[in-house]
């Protein structure tokens, strides 16, 4: 639309504009692009730079003042918007020994991936779970949850929430519990042990699309990954990988966000690919680098990086490495708009 | 966050900001609100004001120049953003006798609701359907489609597309067909007659979440509505209503958007309610008014109005009336975030 | 197992037999065969022979005495067992003007296919439908149903019930309604008109695996069949065909039995095939013949014939013909044991 | 039908009988009963009586001669029919050190419940699993399977197959593998470890209704049972119980048969109940008794007993006891005919 608009046409536009009408033909190419061009930017946060800043937050503000002591990972393209990708909020949360984050619930669902430290727990609808590095913990939409710390060292985890999705659809609700800590209703780590046996109650349960497992422990996930690496062939782009699953449906653990754990063998040089979901990637073990939109990013343990939607990427691993990926692929699949391209 | 930020804290914020980190506690209340407060505004477009402007568009610009001759219904709160609600693009499309809109496909799905005129057709993946006022026509995601007009009078319909959703998730793709008109592969109105018998082929068909019916004709929809009105009780908020359905799944006809047809008996005075989906409502028959967020809007045939998300509304009908409602409720349900409240 | 059993072994068998134990190795080949060998036999009932016998039943016994005046189509291999195939009971039911069959319900589900006469109705859970030749009518498991006849001529239909299945699983229950006629709760033919529009209520409905449509009328089914015959390719074995479907699931109309309507073009000479479901076939229109297990059977309008399970068959049509097939394929598919073979 | 049939009517019956027609009204009450009256009988096999007979089979016949060395548990009501309940075949299988049962597959699915001994394995589609007492092992329909024994003591398990179902529907097929032992394709106990983490591959897998887990080990099942016993309330009829589940669907592990593990606390005196599925029950741990149709049966470890369909039963436990129940409830549920009654 480079040509200037003729005056008669402009007069028409002004006139219809007064009734909140606009000519589609002037914007058609903009709103219906030929392919996605992500508004996000690639970015990597180094653990050894971020961790000191986070610990400093523990001194700058009390847990009580902060409610949640979190540094938001803001995509450089969206400063001030609390988004790591177009659709996911991500942050690094710090909890210190003795602190408690009080019980509440909100429509936004959360996924936590534990980065460092022992002794903290999270509780979901009255079931508490101890969190260990590498654990994948969910606090599904509209479940009561609170955190606490009965140990001796700082604990840090990655938070991913579908806040931008819930806010885009204008569906956000929040409620605080009358008690600081939601009453405990089940033994600690109850779901963990029960679902590991692949057995279910006979009595009708919830048909929630959210997984009843609140903690997928790293020791088990890592073992499952090692197991498939012993006999399956690896994927040219992704290495060996497994996704966290809902034990009653086989689907993703939440309807909007999901997690994948990948094992890249030492020396792995992945083929390039693109996918429409925006990825937040954590290096869990190992060392390597990823090319994102033409730029290489080196990574080591606990570094976090962003692969924007439909941006070409490829992974290389100098050592055997494990990557955790959080994305909105479940939401995109449910809306039937997810797509990937190889090459 | 009324208190000024102490200088030491501000220095810390500036420092972490340089690494694209931000303090959650400063924005927490904003991004996790207690309940949705729609960014959209209520708005009604009167048919007798809009129709002349649309016909004028037929003179201001040729169909060829425009590609699609459409006036976008822009929510007053989002001027320049081509959105009627936070998640749906809506427009009024005009097609004149002899015109053809060339074949293309895009990830965004479309719903058309025919407002006026006979003689136009739309074609989806090689099946053509004649469009009549009141027909509910879908052109699902990534299906080839083109329109044409073999009649003698202007035809106008309401377009609803999930463009804001597809663009928010950064999943938009577009492709033009090499031929202007996609080759016809099935007899006209094929799906219409086939699915009316509630019979299906035995051979495995597509398992698409998009309905194989491309036109839900008004004569049938209206009869079904009249039929339930003869014996069912009406809903206090909505009167009698039916939703368009996917014949193989019973779900909505598309994964992101759906349509509802409601019959309000003469003298109906609905109870107030709120729901998280944003509604685009067309008066198909009758006359009445709707209170939206405290403001009354009178409506008559072919008027279109917006009920923003989670905004209290109630309908009154001076005559027996039929309303058509288009919304993103299917997407919200798939993401498990849809909610309604009565009273 | 042709060899005589040695005495010591026989003594062992006798001894364990006293504790209701038996040696598997003596029966293994019998109970785990290499492929199915149907216990049923092929059979054709000619309409012009059966109809007079049925009308005679109207004189031999009153409707009241008989409760249901039906001649059971007994497979020649199972005389006295009330089965047409291993799993389906079939009968020809006669109802005369003025008669009423009183309301009851049972776990067994029924499918009716109307052969001749106008004026009779069936009612299911308070919805009545007028029955016309060619209509496919269901009275699902545990629904209240009664029949009546307000016309002037004898009406005859084919009944198919899953009684052998329900009895095999020992799940049969029966209840008589306190009133002779179950109270009418909906207008006549309500489901028929409603579902033809492919619209569904918004309020949560039953999630029954049984279709809410009680009558799939022949005029619509026949039109749908004609429609696909205009552009689809026909199947080498079956011609053109469509199955009756559940509008909310896309599945078969009942979990145990289903129906298929096939159109064989004039001169059709089908390829041979086998399938594990036992088929009860009605010639609705036309004239032709079917080879079943090496024997040819000529058929014309209203003749009924049996194709036993896993028995090779092929159809030939002298004129354009319509066949209706009733079978237990839905049950077999649900149990994941259905199979077909071509050639 | 106590009255003698009048001669004219009998003449009619004889005449129609020649065309394989029969009067429904003479059999209606028989084939549509008011409620199920099981054809099966209650029965208990004592481990200390059965085991010696089974070991004797090891001397009476070689594994090679027998193909499978199994004593069939024949319901006293069906002698010679190889059925424990109307729909399930059950047997006790013995395998001695060094023996191999050669690879085959059949449409009938099998469930094994290991009673005694260590050292045997079963292999399903190339994955081997070591079997331990209490393990629940499936060899789904049409999967290649073979057994072997690399240990030093006799191993005995309960076999349950849906043979009567597959044969009733006339869907039985059998194939022997060209090699005695199907080639190993995965590490031993592969599925066990993988699914314990509730993670799934991303690449499309089989959508089989049969569980990919071939061995649900007793140590895990028992722990899950103990876990729910710590906080859930027990059922008045069944105590605490869990069912084996399919990790991708949440359904039963096979479409026709399923298993339940129950924990009865010491002193448990269950309420009476009836259910339409026929139950084959194994005492895994503990000691107690069950009243079945008015008759008490004492049970201890490894005893097996039958509760016929729709026959009133109630359990009492003298010690904390674990019962394993195998039944056709999954098939009945899929056919929508399962029912239970309490009291």
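Chains: A, B, C and D, in written order; residue numbering restarts at 1 for each.
In this section, a residue touches a chain if its C-beta (ideal position, glycine included) is under 8 Å from a C-beta of that chain, and two chains touch if they have at least 3 such contacts.
All values derive from a computational prediction rather than experimental measurement.
Novice: Moving only to chains each one touches, count the minimum steps from chain A until you reach chain C.
Specialist: Tracing touching chains, the least step count from chain A to chain C comes to 2.
Novice: Specify the chain most distant from chain A by Cα centroid.
Specialist: For chain A, the chain whose C-alpha mean is farthest off is C.
Novice: Please report how many Å separate the Cα centroid of chain A from that of chain B, as a whole number.
Specialist: So the centre of chain A lies 30 Å away from the centre of chain B.
Novice: Based only on mean CA positions, could you tell me how far chain A sits from chain D in angstrom?
Specialist: It comes to 43 Å between the two C-alpha centres.
Novice: Roughly how far is chain B from chain D, centre to centre by C-alpha average, rounded to an integer in Å?
Specialist: 53
Novice: Write out all the pairs of touching chains, ordered by chain label.
Specialist: A-B, A-D, B-C, C-D
Novice: For chain B, which residues count as touching chain C in their complex?
Specialist: It comes out as residues 185-187, 190, 193-203, 211, 213, 216, 220-221, 223-225, 227-228, 230-232, 235, 238, 241-250, 260-261.
Novice: Taking the complex as given, what residues does chain D use to touch chain C?
Specialist: Chain D reaches chain C through residues 8-9, 12, 15-17, 19-25, 27-28, 31-36, 38-40, 43, 45, 49-50, 53, 56-57, 60-61, 65-76, 79-80, 82, 86-87, 89, 91, 106-108, 141, 163, 165-175, 208-210, 255-256, 276, 278, 309-310, 328, 331-332, 334-339.
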